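This report refers to the structure that appears directly beneath it.
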Amino acid sequence: MPPIRVTVWSENAHENPEVRAIYPEGIAACIAHGLTPESGFSTRTATLDDPEHGLSEEQLAATDVLIWWGHRHHHEVADAVVERVQRHVWDGMGLLALHSAHFSKIFTRLMGTRCSLSWRAVGERERLWIVDPAHPITTGLPPFFELPHEEMYGEPFAIPEPGQLLLLSWFQGGEVFRSGCTWSRGSGKVFYFRPGHETNPTYHNPHVKRVIANAARWLARPNGRAAIPSGNIPVDKAPEKIEKT
Amino acid sequence: MPPIRVTVWSENAHENPEVRAIYPEGIAACIAHGLTPESGFSTRTATLDDPEHGLSEEQLAATDVLIWWGHRHHHEVADAVVERVQRHVWDGMGLLALHSAHFSKIFTRLMGTRCSLSWRAVGERERLWIVDPAHPITTGLPPFFELPHEEMYGEPFAIPEPGQLLLLSWFQGGEVFRSGCTWSRGSGKVFYFRPGHETNPTYHNPHVKRVIANAARWLARPNGRAAIPSGNIPVDKAPEKIEKT
Amino acid sequence: MPPIRVTVWSENAHENPEVRAIYPEGIAACIAHGLTPESGFSTRTATLDDPEHGLSEEQLAATDVLIWWGHRHHHEVADAVVERVQRHVWDGMGLLALHSAHFSKIFTRLMGTRCSLSWRAVGERERLWIVDPAHPITTGLPPFFELPHEEMYGEPFAIPEPGQLLLLSWFQGGEVFRSGCTWSRGSGKVFYFRPGHETNPTYHNPHVKRVIANAARWLARPNGRAAIPSGNIPVDKAPEKIEKT
Amino acid sequence: MPPIRVTVWSENAHENPEVRAIYPEGIAACIAHGLTPESGFSTRTATLDDPEHGLSEEQLAATDVLIWWGHRHHHEVADAVVERVQRHVWDGMGLLALHSAHFSKIFTRLMGTRCSLSWRAVGERERLWIVDPAHPITTGLPPFFELPHEEMYGEPFAIPEPGQLLLLSWFQGGEVFRSGCTWSRGSGKVFYFRPGHETNPTYHNPHVKRVIANAARWLARPNGRAAIPSGNIPVDKAPEKIEKT
């Protein structure tokens, strides 16, 4: 079986010293390290500053699953790149949107909604409950796991009703959130996973790493791209002969 | 009960003599006539050529349900107007997308998918089956109804899985199609209804008129706009006191 | 408009003195009192001890919406009555299942799943968040409301993915729960609403009363029963002539 | 990778000479032959006449996916066996319900609906369209395939809204049907696939064989059974300390 090719995209959040202390090589590199060759992955990282944000036609064609982390620079992502990514999702590339990617151009375009929520960044306790323990994305997880310090995201989360709801978060300050949600968009699958504020060491957590690896495996199409067919069917190609009436 | 305020939007398709013979006042006017004051509606029509396409902030604020028919001029609709319409849907305005509006900017933006399909415009027989006879949109319809001459639309229809599937079409030439689909987008509801090729007298059909009137009623929010709340919740406004750990 | 006819069914939980202190007339009567004639309801109550549990064919035929509260006596409900109720739901009667009715025969039969959950009855704080503030069932509610003392129900709740998820609960002890869920079953609609432990005064809470009234309105079919058609279609009644091939 | 263990269950329909001419070894054996060891399957067949219908606790525990074909003898299946099968589905066994199994006890119990439909058994042409070509169950199929002679099943099909709709049927006589539908029930997955009238050679069709093999692979849980956790959480085991208020 060939490896699942994952591109991990992020802004350069580690320009911030507080972030760099937690992720010396950057958030994208930390996430990529969790997707090992032994587990069947090959990875590359890409960032806003790369030519075409590291998401050229060729680079996307060689990507089975795109992982997206962004926060403060959503608006700097070029529309042409966003449209290209969207087309690749429609043709079968998987997309894993992390944390503040809820407001990224690519995620809001695929959802068709505002994707707003309430939030509070004081590093409170989050507990993630598994709603569907039988799903491939939650395989191997305990009934719940905790992150001692995270940003709070609270409902209502303005998304379309998910295809499947997999995780729910409890927050110390009293809120709840749909933290793991799947959707289909054309031939591609999308998964949103909530945790990952840049000043908390969330992507070092083994349960978070497991969700990301499970999701990357689930989002990949084993047979590559499969564009949905469309077009004009002329009358002589109709499956049934059409008699005029 | 105040009337449901419906804006019927269309391109000026009746510039085509073949269309004008069927819809002397235009498609939008024909649809609007079916939504009578006695049934609880007040209507206006709007078109591409109106200032701001007849969809200014004030005009949308006074619209409970927007009905959209477009075919050849989707790209001429200004992006700023599309964004304004999308915002109003998110805040609770209903949207009924008819026939070739599957490729309109507003519909594809709300869906987040390509919305492609296969088609054949030779005026073949279409039979629409009611999948869910208990839904308000299908109330009063027989088990199926027929349109003697229509354009064919065939699967796969590249949409997100509908919230509810209400009608399925059978075509003489051998295809099938999901012809009546609902979705939620923010506080607003969306319904797609397939029939309505401009050179067929489809919007004169009483069953089609009934679906449109039922849908307009179902799409309207009885209590007006209701934006989904969002924003920062400061720590002293958290529902629970957050103790540092 | 004729009133919505609601039957409120419960076990006689107020045989317990602690419960009787909270609900002197019983839980069913308290719930029924919240559905006033001025709001468009007519109500009756029924209980396990009534002939046919108060759910005869005639009584169900005169019921638009059945509200069900049960806890310790699920197994005493006669199978014949459960099958009758299920048939009426399939034909269009609405069902509102409250709290421990998650394990009632009628709810588990309509779901087709185990409907299990985790629980803890120590009277802790529950906070219910509105996930979809635009739905008729959540109309008029604040972003969240609290119940100072309730039994905890925790995920995973073994239900089929809801048609729509409307409310989520946060619990003081650290759990979360999908507390307001809708489904369609045949021509009938089902709503599950979590709160209502018998030794807490939950059904006196104005927000809880509002959810129940909103839900009863939403569950009622304005046009009465509508059985889904079925049966053999002989060849001479086929919509299209079938030529042998 | 260990093989996927499939049990193919059927009534002994080949007691009918017309059926025996098509399926000399029976329907179950024909289906089982399509699930080859080279494709990663191990199979056994079971029937109504076997002790416990061939579905003892041990036999089910050794089954990853159960394929069910039944038609005239649904009522002869013992309730205790149906409950056992349902429990295994809830704990992760996959179920593929074929054709007239729409009225089997196990399928209707898992759905919670009447599962009725309209039908006509005159051997007309059926054309199955792929609605979602990216799903594992439809992998490798052309945009549509035809069965020259089949029983017609028509909408409305009284099922809960499917998790995903994968195939739609067009019938010569003018009807349409949702022919491939998925649902989740507890830890188990369910797929309904329409074709397979016993007097037509449907299960010899290579496209039908492919759908069944794809479905069997999709329905199997790679990690075996995974019961959904539930139970009482005592106060000293609550994730958060509960202070009395």
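Per-chain residue numbering starts at 1, and chain names A, B, C and D are given in the order in which the chains are listed.
Following the convention adopted for this analysis, a contact is a pair of C-beta atoms (placed from the backbone, for glycine too) under 8 Å apart; a residue touches a chain by one contact, two chains touch by 3 or more.
None of the values given here were measured: they were computed from a predicted structure.
Student: I want to compare two interfaces, B-C and B-D. Which one has more contacting C-beta pairs?
Tutor: B-D
Student: Suppose chain centres are the mean of their C-alpha atoms. Which chain sits farthest from chain B?
Tutor: Centroid comparison gives D as the farthest chain from chain B.
Student: State, to the nearest whole Å, the distance from the C-alpha centre of chain B to the C-alpha centre of chain C.
Tutor: From the centre of chain B to the centre of chain C is 32 Å.
Student: Would you mind pulling out the distance in Å between where the CA atoms of chain B average out and where those of chain D do?
Tutor: 36
Student: Could you list the positions in chain B whose residues touch two or more of the other chains?
Tutor: Residue numbers touching two or more other chains: 127, 132-133, 143, 154, 156, 161, 163-164, 174-175, 184, 186, 228-229, 239.
Student: Report the residues of chain A in contact with chain D in the complex, numbered from low to high.
Tutor: 92, 127, 132-134, 136, 139, 143-144, 146, 163-164, 184, 186-188, 221-223, 226, 228-229, 239
Student: Show me the residue ranges of chain C that touch chain D in the complex, using the header's touch definition.
Tutor: Counting only chain C, the residues touching chain D are 90, 109-114, 116-120, 122, 124-125, 148, 152, 154, 156, 158, 160-161, 163, 172-175, 183-186, 228-235, 238-240, 242-243, 245.
Student: Can you list the chain C residues touching chain A in their complex?
Tutor: Against chain A, chain C makes touches at 127, 129-133, 143, 154-157, 161, 164-165, 168-171, 174-176, 178.
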